[in-house]
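What follows is subunit A paired twice: with subunit B in the first complex and subunit C in the second.
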Partner chain A sequence: MILQVKDLTVRFGGLVAVNKLSFDVKPSTIHGLIGPNGAGKTTVFNSIFKLVPYNGNLIYKNIDMGKYPTHSLVNMGISRTFQNLSIFYSMTVKENILVGLHSKKSSNLIKDTLGYKINSEKELLEVSELLNILPYLSVYAMFLPFGILKMVELARALISKPQLILLDEPGAGLNPAEKERLKEIIKRIKEMGISVLMVEHDMGIIMNISDEITVMNFGEKISAGTPEMVIHDLKVIEAYLGEEIHA
Partner chain B sequence: MKKSTLISLLLLALSLVLPIVLSERPSLIAYLNLIMIYALSAQGLNLLLGYAGQVSLGHAAFMAIGGYTSAILVMQFGFNNIFSIISAILLTGFCGLFVGFPSLRLSGFYLAIATMALGTASADIIKRLSITGGDQGLRNIPPLNIFSYEFVSEIQKYYLLLIILLIVFILVKNLVNSRSGRALRAIRDAELTAETMGINIAYYKVVAFVISSMIAGLSGALYAHTISYLHPVNFGLSFSIELLAMTIVGGLATIWGPLLGVLFWVFLPRIIGARMEFLATAFFGIMVILSIRFFPRGLSEIIFRLERKLKLYS
Partner chain C sequence: MFDIYLTLIARGLSTGAIYGLTAMGIVLIFQTNNILNWAQGNAGMFITYLAFFLLALQLPYPLVILLAIIAGAIMGGLVEKYLIRPVREKSRIGLLMITLGLAMVFEGLAAFIFRPFPRNFEPLLKGSIAIGPITLGQQDVLVIVLSTLIFASLFLILYRTKIGIGARGIAEDWYGARVLGVPVFTISLIIWSISFALSGLVGILIVPRFALEPHFMLPIQVKAFSAAVLGGMNSVLGAAVAGLLLGVMENIIAFHFPYLQESFSLVLVVIVLLFLPTGLFGKKTQRRF
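Take a look at the complex of A and B:
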């Protein structure tokens, strides 16, 4: 297992946002995490990244992540994107992406001050080609449209060559053509041997590319299995009542 | 040759001949020297506020610590001038470390208050000590003496300060464009995201404080040996605020902003004239507000626009 979530519980005051949640992410698979709004999906991501206090165990490649600080995760091989686009707006696309490589390259303050350059062109080109953002590398992020910035965010998470990537609604806000391309990109990411844990509301995307799905409602796991299994699960249909499911 | 390189060379040539043109008016050169010293401090503040997004209202105190350290080491302990300046830089860096740690828990307004308290406290301590000359100030500080070469005249000081200014500005430029500089800017733009992407926030925040203080310390040491007189009253809260204002007006997170801001601040009252000096203060205040509200790049905005025009026509 690349990631094991065991009895994860997160409380915000009286609210139990995640309740005794357990599931495993297998290596080199796409694992979908779905559920209605407020189910606690983003909170699971935030627990993995130590952004919220939690109970239970998060085990990455047999290492309990309990004692690792947020900033050490990229170096361990985990990276993520955010549900609400989180971009460094005053920086160029290139600089934004290179931040993702921060903990994979070393430099020191003296070398940096003396102007020694780190060569990251190869990684940069590779990931920019994959995500189709090569023409924008020198453009300041604040001047670019949402769809492209979503790809920049993905590039920033990918450039460190993670073993596990967490995608929080990568398709949100994209148009149908962009969503089609996104599907292909996520499949490519899997082919590269990267395990994907993905939250996504667009059932067209999630049912199409996931190998396995965990369904949450009110912080609890209500169903799990292959896409075909969960889509026919009555509990899932009930939870989504009023929302549309289409495979 | 690129146009921007050409312009840089022209500016460099201009700054090299300027003191020769002004050689009949050493008082004007003295002004330029003061401007370069302040511009160094402002650059330190720019690194902290502009690039790392942290405020300090104690930078005048860092200058004072640097100035007194170098002056006292030379005058009382017979230090070589180069070692006295290096000691001054190291000591201010150390003080920056002390301010840097509380900065991890404080932000914005609270950080401003905390640094202000530290600044005021150091000015008070300097006033009470005897080794600093107390309330009398420290007089007759010897001029810079590097490898037995004394920088006595304003012109001599000018060229030395120009070289130091260029070196520091180039080093800061390197830093902000490096991996570390990107980390600083990422923290400024979106702290949690930066941390998630693998940046050790605490380390870089403290580093920003330390380097910024070291630059202020260097500036203070140069001030001491250039002006040859130090008094705690010159490094109080009001000067910290003025430094901040100069940095903002010049343009935060721009390399030439600090110099432009200081030039403006020093020369504006002279242009307006002594009798109407209050107008200069008011005008400067308005500039600060305009910069914060409408032109975050301050006076450097002018340079950016010129640059863009040049690119269009080249």
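Take a look at the complex of A and C:
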């Protein structure tokens, strides 16, 4: 298993946002995490990144991540994107992406201090090509449309060559054409051997590309299995009643 | 008549450079830690006292300046590590109290340890020089040259080095940068060190105009804060330009209306903010989590 979530519980004051949640992410698979709004999906991601205090165990490749601080996770091979775009607007696209390499040390201290550029040109071009953002590398982020910034954020999470990537609603706000491209990109990411844990509202995306799905409601796991199993599960249908079917 | 204005402007640039340097320190800390550092001025005051006694030991002046900068860097680092870091992600209001309290502690300690009476502090350079119609103190020229160099270095650090780009990342999105592997606390410590080092340098350069006493940096703090706000609180460039503008305008005002010198900066801030709520160089900020 690349990631094991065991009895994860997160409380915010009296609210139990995640309740004894357990599931596993298998290596080189796409694992969907879905559930109605407020189910606790983002909180699972935030726990993995130590942005909220939690109980339970989060085990990455047999290592309990409990004592590793947020900024060390990239070096362990985990990266993520945010539900609400996290972009450095006053930087160029290139600078934005290179921040994703911050924790990668070069062998030479002076080179290392003097910037990312020296060693990272090749990785930068590779990832920019994958995400179709090559033409924008020198453009300041504040001038770019949302759809492209989503790709920049993804590039930033990919350039560190993670083994596990957490995507929080990567399709939100994208138009249909962009969503089609996103599907292809996520499949490519999987082909690169990267495991994907993905929260996504768009059922078209999640049912199409997920290998396995975990469904949450009110912080608890209510269903799990392949897309076909999950979509026919009465508990899932019930949880989504009143909402249009989306994660 | 015109010549007088040239001299007023030149001297204003020197004063403005001091405001600018202090404002840069305030902006750096505000951007990376999201707090106002009320202690920026008084940290410099405290270091200037140390410099005073080092000079009394007959150490060479340039060496004392260097030692003061180093002392500032160490002090800034200690403040970040032991006062700011434990509270940084826990209490915003606590942070505000910490820097305000620190400013008072520096002042109290200075009065307690060094006694509060005013002392004369000699400048490094005493003469004056004439450039065309302009007469300017050599120390003023030194201030302008040094602050230009410092500004250029800060700019290079922020835009060309890994630490600088990391710091800019932190400024826009602390948690986003953390998640990407930026060691936010280490960079924050470096920023505090740079800011306090600047503060020490400013103290030594400017104190000869006043006298050394526990609150001689107060006007500098107030005006640097005004400059930082005028500059939009978000860029060292804005802080530098606003500092220079403020220095020049204030010097001209003071020539005609000496009593208005001290209140001018705050009045200007209020007027500018009425029309440009984000300052002269500010931009609207984005928010996410």
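For the reader, a short list of remarks on this structure follows.
Please note the rule applied: the second predicted complex is superposed on the first by the 231 of 247 C-alpha atoms of A that agree within 3 Å, B and C clash if a C-alpha of one lies under 4 Å from a C-alpha of the other, contacts with A are read in each partner's own complex, and residues count from 1 in each chain.
The rule we apply is simple: contacts are C-beta pairs under 8 Å (C-beta built on N, C-alpha and C of every residue); 3 or more make two chains touch, one makes a residue touch a chain.
Just so you know, these numbers come straight off a predicted model, no measurement behind them.
Contact with neither subunit B nor subunit C is seen for A:138 once the two complexes are overlaid on the shared chain. Contact with subunit C, but none with subunit B, is seen for A:84 once the two complexes are overlaid on the shared chain. When the two complexes are overlaid on their common chain A, residue A:175 makes contact with neither subunit B nor subunit C.
Touch criterion met: A:51 reaches subunit B and subunit C at once.
Residue contacts after overlaying the shared chain place A:74 against subunit B and subunit C alike. In the superposition on chain A, no contact is made by A:62 with either subunit B or subunit C.
Shared-chain residue A:37: touches no atom of subunit B or subunit C.
When both complexes are aligned on chain A by C-alpha atoms, subunit A residues 49, 51, 70-75, 79-80, 82, 86-91, 95, 98-100, 102-104, 112-116, 156, 160 touch subunit B in the first and subunit C in the second. Within the complex formed with subunit A, the residues of subunit C that make contact are 160-163, 165-166, 168-169, 172-173, 175-184, 286, 288-289.
Chain contact summary for the complex, subunit A toward subunit C: residues 49, 51, 70-75, 79-80, 82, 84-91, 95, 98-104, 112-116, 156-157, 160. Listed in rising order, the residues of subunit A touching subunit B in the complex are 49, 51, 70-75, 79-80, 82, 86-91, 95, 98-100, 102-105, 107, 109, 111-116, 118, 156, 160. Those residues of subunit B lying in contact with subunit A across their complex are 170-171, 174-175, 178-183, 185-186, 188-190, 192-201, 207, 211, 253.
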